[in-house]
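These notes open a run of structures that come right after.
Next, two complexes with chain A in common: one pairs it with chain B, the other with chain C.
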Partner chain A sequence: MTIQFNDETFRDDYSYHNSAEAIRRFPFPFDKDDYMYAVNMEPHAGGREGSPFENRFDVDEHYVAEMRDREITLNEDPLRCQSLPHMELAGWDLLELIMVSKSEDYPELFSLHRDGDRWHWINRPLGIDHKFTFLDPTTLPYGPMEYITRQAQGDFAVLDQREGNLWMEAGMVTSQADWSLDFDIGMNFFEWHAPVPKAHEMGIFQRALKFLLAIQQDSPSRRLNWTMTVNPRLDTSPENYHKWGPEKRTLTPENVGEKQYLRVELQTFFRLPRSNGLAFPIRCYLISLQDLVTVPKWGRRLHRVIRDLPDELADYKGFAVNRQLIIDYLAQFDDGKPTSPGIFPDE
Partner chain B sequence: MSAQMLRVTEIEALSPLVKRFRFEHPRGEKLPLFSGGAHVVVEMSDGDALRRNAYSLISDPQDGSGYEIAVRREDGGRGGSRFMHACVRQGDMLRISTPLNLFSLDMRARKHVLIAGGIGITPIIAQMQQLLRMQGRFEIHYAARSRREAAGLRLLPSLPHIHAHISDEGKRMDLGAILDRQPIGTHVYTCGPEGLITAVAQCAERLGWPCGSLHSEVFLAPPPGRAFEVTLAKTGQRVSVSPHQSLLEALEEAQVDMDWSCRGGACGRCETEVVSCHGRIEHNDHWLSEDERSSQTKIMPCVSRFRGKELILNR
Partner chain C sequence: MSATKFTPSIISRPVYGGLKPHGAVPSLMLANGPGGEALLELIKADPTIPGQAHVIYIPEGCGLGKTLETKGFAGYFEGASYPSILPRFRKLLADAGMNTRLYLAGTEGLIGQATSEALAAGMLPEAIDAEHRGSLARRMQCVHCKGITENVITDPFTCLHCGLSLFVRDHYSHRHAAFQGVCVDAEAPGEIPPRQEIKA
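So, the complex of A and B:
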């Protein structure tokens, strides 16, 4: 497999774009015509060939540009990456998981040679060729978690497990849907989910926590989550709300197809062997509405989902202000025909 | 639960009652690493019975070349440990689950005090390996009746921070003295008989320890009892549980699809909803809250039993 990496930006001139192939493989999150919270977990054990579910960590045409964007964000605000002292071992666990997975799944892009604790890592797309000693942080330019997550798409929360709960105590978070690691660090599962409406009453979090606590080493899990973002911006953090918040007001009936993006998170969960921590990678995928409706099933379905969504959810997901514009735009692509089950395009 | 077939490559008697078993991959492949305090579930085909017992891993968590466990023969038990002692030979293949940890170290601790009674030393051995590797501060206190019974001594290195308390030699463990002199930020981990765990908890409470600094693990063997019957709400099927069988084993035998991992009342995976209960559930687990127990709306089939007229499960 060869991947042609896009030269693109996620800020300023927003030159981000999806190739025809990237559109077809987009992880569309709705398997039916309506949406409500669900624990919706499934084993992360491969998936349709070419889809983002196929490998443990998906690498796609946005890889190099996303890593460049992460670097800009970190330069502006180093607190986007934090690790409490007791999470160092979990950081090494994560480094090993990502290096092993990527070198096995994309051997033409990444290589890992291990001779005991002496490791040699090659990342060809980013031009990195590095020898270091596993578990010796002085042999890396950053801590282990920061080192590897500067080379991996998506955000990473690293959770400690104790007292029957999960605690967010390390992470690399630069492409988030309006939440902040600096605010959440040290919180437990219920504390960091406190702002989510409705789900508490539904008992969703109790069930989800119980599921996550029981995740075993060789059985990672995954789920999809979604929201909406105006412009293809990865860093929609509360810290930078003043930059992206006002952009919500720039939508018009003429530009909504081009500027409104569906933002999908592929969330995965891996038990870490040495630390017994839980890695929670959150990979963000963006697609403009005008690209999305090129798949007729998705255009029809997204229209119905957004139209029928409870108000609290549109509010929470931050697009209530543009909801009608979005519905009116999508309505053109909904001919009322039935849609097939599942998330993939009809062939 | 995922598992793989591993070969028994070493068996060693550590004491008259305790044997060490080593398992390796038949083709020499590396096994998944684990964290100190993790256990595996060993499957044993004992005649008609399929037994599954959880045993803590005592080998070095960083060493994927094999897994080791230590098994104490329980003559009054249901037969799993007797099977391990009497029937398992070097070269045999056994199905061993992936490691799972319900008793991991709290990495925030500035110091770790590990207290073991009897065979409760097993998870603490791997925790010690992890602490040695990470250069953590720790003390181990190991209580046994006699040196002959203290099988774990053979598995512990000779280090100044490891203390054996042998009651036959007039050196009973003095919990007050151990816990009273610890610096703030110390965490204590206890594994062994229920009485020891309670004693540590009470002593720590008296000394004003925060309860978040106390950790313990006890795996219960499913206790035998009277035979009973349950009814499955979804199929109407009736399942009989014999005196030496657990409800979980009886449900498995009846082809009911059950989730489980520790089989010792600690992990919560087999929790089952009770639709109707005329009688008394004998809750033997460490998972359900007091409220849940007294409401009789949930049961942990791996260790809990029932006495009475009718128990209907949501299965």
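So, the complex of A and C:
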């Protein structure tokens, strides 16, 4: 398989686009016609061929452009990547996990040669050919977590496990749905989820934490989460909210299909072998409504989900102000027919 | 004035358990404003405490200093502000032995910053007692410019550093000892809701 990497942007002129194949493989997050919070975990042990679930770290046509966007964001705000001092070993764990996974899953794109602690890493799409000593930070241009996450799509939170809780104490966060690593770093699982409405009362976080604490090596898990974003912008950070916020008010009935994006997070969870930390990659996928409705099942279903969503969730996810516009647009694509179970398009 | 009861709605906000006597052991005490009353109640409950206790008190217009200094503390010092007492507090923390207790009383900003200092100095969380007294003012971090604004009593408020109008998000960081302030008119610049007093 050869991937053609898009030349595209996630800011300014927003030239981001999905190919026909990228639309077909989009991780549509709704397996039925309504939505409520759930601890919707499943084993991250492969998935349908060609889908984003097939490999441990999905690499797609947006890879090179996303890494360029990350670099722009980091140049503007280095606080998006932080690691508390005791998290360096977990950073090496993460580096190993990503290098091993990518070189095994995409051998034509990535190679890793290991001779004891002398490692040779080749990343062909980004033009990197680097020899370094594993566990020796002086042989890398950045800390291990920063080095490898500048070469991996999606955000990464690295969690320490102690006192029966998970502590977010390292991360690379440049494509987030409105949360601040700089503010949340050092918090435990309940603290960093504090602003989420309803889910605490539903016991969601207690159950999720119990599940995550028990994740074993080589048995990663995954779940999907979602929100809505105007324009294909990766950096919807609170730090820059005053810069991208005004764009949310630019939707009209004429442009909603083109400018309104469904934003899906493929969240995965890997136990790290040396540190006993937990790697929490949060991979962001964006699809415009006009592309999404080319899959009839998705158009029908998204209309029903958005129409029937509790107000608090639309509010929290930040699209309450545009909800009616979105519903009116999607209604054109909902003929009232039943939808098939599961998230994949009908063949 | 008794210890403040907060609404339980903010999950990331610390819970202050109040000051409880731990007997005649080495102690550090730091209080501001009406927090001094909590110290007086503490030593009334256990008069053996002052003999090994070093106190730093920041009156902030409160007249409790005169009473506190007569209570026979091993050390008593009055300071003008938290930044001005910080070098002294850090020295006391650095010199503190394994069994030292820390008692903090006063505003949330004082408790939060002093707790961070103590933890950074190697003190264990279980050796720290804290009691909220006095103003409900919040210490806020602007999520945009990262500047801290002390003693915020209205929502929204103006960031002292970058000038943005910020709303007070109910999200608290131990590490910054601050709540989060987020631009209130980001989506519609200039549309700023009326200011309200912070009541919890």
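The rule is simple: the second predicted complex is superposed on the first by the 347 of 347 C-alpha atoms of A that agree within 3 Å, B and C clash if a C-alpha of one lies under 4 Å from a C-alpha of the other, contacts with A are read in each partner's own complex, and residues count from 1 in each chain.
Definition applied: a contact is a pair of C-beta atoms (placed from the backbone, for glycine too) under 8 Å apart; a residue touches a chain by one contact, two chains touch by 3 or more.
A quick note: this is a predicted structure, and the numbers were derived from the prediction, not measured.
Asks: Looking only at contacts as defined up top, I'd like to know whether chain B or chain C touches more of chain A.
Replies: Counted on chain A, the partner with more touching residues turns out to be C.
Asks: Once the structures are superposed on A, label A:Arg249 by its partner contacts, choosing first (chain B), second (chain C), both or neither.
Replies: In the superposition, A:Arg249 touches chain C alone.
Asks: Quick check: in the complex, which residue numbers of chain A touch chain B?
Replies: By the definition above, chain A touches chain B via 84, 86-87, 89, 160-163, 210, 214, 216-219, 273-276.
Asks: Which residues of chain C touch chain A in the complex?
Replies: Contacts found on chain C: 10-13, 141, 143-144, 146, 164, 169-176, 180, 182-183, 186-189.
Asks: Considering only the defined contacts, which chain A positions touch chain C in the complex?
Replies: Counting only chain A, the residues touching chain C are 79, 180, 182-187, 190-195, 200, 238-242, 245-246, 248-249, 321.
Asks: Can you list the residues on chain B that touch chain A in the complex?
Replies: 1-2, 32-35, 37-38, 61-62, 98-101, 104, 106-108, 130, 134, 212, 261, 267-269
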